[in-house]
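Working notes, structure below.
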Amino acid sequence: MEGQLTLTQLNERIKSTLQDAFSEQLWIIAEIAEMKVNRTGHCYLELIDKENKTEEITARARATIWSWQFRFIQPYFETTTGQTLSAGLKVLISVSIEFHEVYGYSLNIKDIDPTYTLGDIARRRAEIINRLSDEGIIDMNKEIPLADIPSRIAIISSPTAAGYEDFINQLYNNQAGYHFYTKLFAATMQGNEAAKSVITALDAIYDYEHLFDVVVIIRGGGSQVDLACFDDYNLAQHIAQFPLPVLTGIGHEKDDTISDLVAHTRLKTPTAVAEFLIGKLNVVDNELETLKFALEEISSNKLSEEENRVNHALRMLKPFVVNKIEKSKRILDQKNMRVKSAVRGEINQQQLALTHFFTALSSDSQLYLKLKNKELQTLSSKATLKTKFGISSEKQHLAAIERSISTGIKQLVDKQKYRLQSLEKNKELVDPITILKRGFSITLKEGKAIKNDSHVSEGEYIETILAEGKIASIIQKKE
Amino acid sequence: MAQKKQTYREAINEIEEILDKIENDELDVDELVEKVKKVTELLRFCKDKLYATQDEVEKALKDIDN
Amino acid sequence: MAQKKQTYREAINEIEEILDKIENDELDVDELVEKVKKVTELLRFCKDKLYATQDEVEKALKDIDN
Amino acid sequence: MAQKKQTYREAINEIEEILDKIENDELDVDELVEKVKKVTELLRFCKDKLYATQDEVEKALKDIDN
Amino acid sequence: MAQKKQTYREAINEIEEILDKIENDELDVDELVEKVKKVTELLRFCKDKLYATQDEVEKALKDIDN
Amino acid sequence: MAQKKQTYREAINEIEEILDKIENDELDVDELVEKVKKVTELLRFCKDKLYATQDEVEKALKDIDN
Amino acid sequence: MAQKKQTYREAINEIEEILDKIENDELDVDELVEKVKKVTELLRFCKDKLYATQDEVEKALKDIDN
């Protein structure tokens, strides 16, 4: 047959066709199924692709990283992602398609983009975290109160690990001399079996839960990057739901694993865990010391306060008493003074009163005598005056009498003169002598003219005056 | 004499009686002279008695002042 | 004498009585001399009594001072 | 004597009574001397009593200070 | 004696009472000596009591210091 | 004795009460000696109690460290 | 045991309570010694938890098979 090709020719044609078709490098996503590095430093890998849900392998390819490239790629990847470049990782890789006539199809990895893996890990972690969170257990272990004195410790560790030794040394050689109780529950702490192994240990501890205060998961001295096992969902679930507080010290400086996340307390290293536990006891110890100190201080304060009180009372007593007595003395002295001055005052007052009485007596009696003297003088002048007045008024009386006599007589005489004068005139008319000469006579009885015979009685003596001479006769008969 | 026994008061009374009579014209001319004589006598008597009294009283009053 | 028994008060009363009589003309000239003499006597009596009293009082007062 | 039984207070009261009478002219001259004598006697009594009291009181007061 | 049973307070009160009477002139001279004697007695009593108290108190206070 | 049953607190209260009374002059001289004696007794009692307490407390505190 | 875990806290609470009382003067001197003793006991109890070896715990741990 014409055109028949040899295998070599075929492979050569495949090779050249592939080279034409994939002349450039491609970025592809694949999962590392296997990986090994040979003595010369070349890295041989098997890459696969999986159906998301069924996890059925849908593609497979061999791949290589040449040692000169692997020397750069591996540390870069691992330092960037914090993950060992190992089976199970999904990676974004730059590849050239190789076809070797003898070995066939393979991919030569030129570069790995660690950011993709990072994203993938993060995504997976997020999924787990979400799940734990959805299940409501993510914070369960954190919510368990840590014992005040967490001295009974269940340790999950590899018994041969340097970290375990460090932890034990640190714990038992603590400076304060605190006593710890530890029990190792050995487990594989790296590799694919690690998660399962730790879970087994936790289950073992669970049976003795009451004997422990705390569970410690420590790992040390191993690879800093072989931590994927602690991102395991099952492990995280166990830790989160463990009835004792779980402390982690699995030796990763950068990011927390999910185990760290759900643990009660996450610490960097086993030593740190030991320090943490010692620290807890230290807190208690300090608290006790503080209390002891407080007790000392408070009771000694109380006692010295009371002592001060007693001493104060003691100090006050004397001055108070002395003061009281001095005051009483002063009061007595005052009373004494008051008595003296009151008594002397009273006597002085009485003396004054007596003197006053004497003065009053002398002045009163002198005044009295003066008064009496004056009265006498008044009386005496009154006597003189009255007597003299009496005599002079008598004199006036006499004088008045004399005056009235002379006027009376004068009037009488005047009257008589006038009478005489008129009589003289009448005499001419009725001069008795004339009449008598005519023969009439005047009969007198006892010197008075009788004008009526009733004035006389028979036998009476009568006188008859005649013009010349008198006749005396006795009445013989009245007619 | 009876007249000496007469008091000043009686004398004055008699004088005044006579004076009354004179004034009331109860006196006759015949009696007048006689009565006037009486009055002058009585006045003299009174005057004498009064002056004598005055002397004696003044003497007595002088004694008070001493 | 009866007069010694008379008190100052009685003497003063008598004086005033006599003076009243003189004033009221109840006194006859005939009695005047006698009464004035009586008054002077009484006044003298009172004066003497007063002076004697004064002396005695002064003597009594002097006694206190000793 | 009755006077000894008289208290100082009574004596003072009597003095004041007599002085009131002298002052208010309720006393006759005849009584004056007697009353003045009485007062001086009472004053003497009071004085004596007062001096005696003073002596005793001062003695008593001196006793306090010892 | 009854006085021994008397308290300091009562004595002071009695002193005060007597003082008030003397000061307010409620006391006669006649009573003065007696009352002053009483007061001096009371004062003496108080003084004695006070000094005795002082001695006893000082003794008691010394006992504390030992 | 009854005093033994008395607590420190009661003793202090009694001391302070008595001191107050002395200071505020609410105490008579008559009571003073007795009360001062009482206070000194109480003070002694308190001091003793206080020292005993102090010793016991110190002993208890030392016991912690052993 | 669960109770053992509680006891420390309870002990501390009791200590603090007593200290508060002493500090706030709610405690008499009379009670002080007793209370101080109580506190030291509690402190000793707590300290033992830190320092002392509890054999039964050691034994229990040794007995665990794994």
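Which chain is which? They are A, B, C, D, E, F and G, in the order written, and residues in each are numbered from 1.
The rule we apply is simple: a contact is a pair of C-beta atoms (placed from the backbone, for glycine too) under 8 Å apart; a residue touches a chain by one contact, two chains touch by 3 or more.
Keep in mind that this is a model prediction, so the values were computed, not measured.
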| item | value |
| --- | --- |
| A-G or A-D, whichever has more C-beta pairs in contact | A-G |
| Cα superposition angle of subunit B on its copy subunit C, in degrees to the nearest 5 | 15 |
| Rounded Å distance between subunit D and subunit G, as computed from the means of their C-alpha atoms | 99 |
| Distance from subunit E to subunit A - Cα centre to Cα centre, in angstrom | 53 |
| Rounded Å distance between subunit A and subunit F, as computed from the means of their C-alpha atoms | 34 |
| Centroid spacing, where centroids are CA-atom means, of subunit C and subunit D in whole angstrom | 34 |
| Touching two or more other chains - residues of subunit E | 29, 32, 36, 40, 43, 46, 50, 53, 57, 61, 64 |
| Contacts with two or more other chains, residues of subunit A listed in rising order | 292, 295, 299, 303, 306, 314, 317, 321, 325, 328, 336, 339, 343, 347, 350, 358, 361, 365, 369, 372, 380, 383, 387, 391, 394 |
| All touching chain pairs, where touch follows the definition stated at the start | A-B, A-C, A-D, A-E, A-F, A-G, B-C, C-D, D-E, E-F, F-G |
| Subunit C contact footprint on subunit D (complex, rising order) | 28-30, 32-33, 36-37, 40, 43-44 |
| Subunit F-facing residues of subunit A, complex | 292, 295-296, 299-300, 303, 306-307, 309-310, 313-314, 316-317, 320-321, 323-325, 327-328 |
| Complex contacts: residues of subunit C adjacent to subunit D | 7-9, 49-50, 53, 56-57, 60-61, 63-64 |
| Touch list for subunit F against partner subunit A, complex | 8, 12, 15-16, 19, 22-23, 25, 27, 29, 32, 36, 39-40, 43, 46-47, 50, 53-54, 57, 61, 64 |
| Residues of subunit A defined as touching subunit B within the complex | 380, 383-384, 387-388, 391, 394-395, 397-398, 401-402, 404-405, 408-409, 411-412, 415-416 |
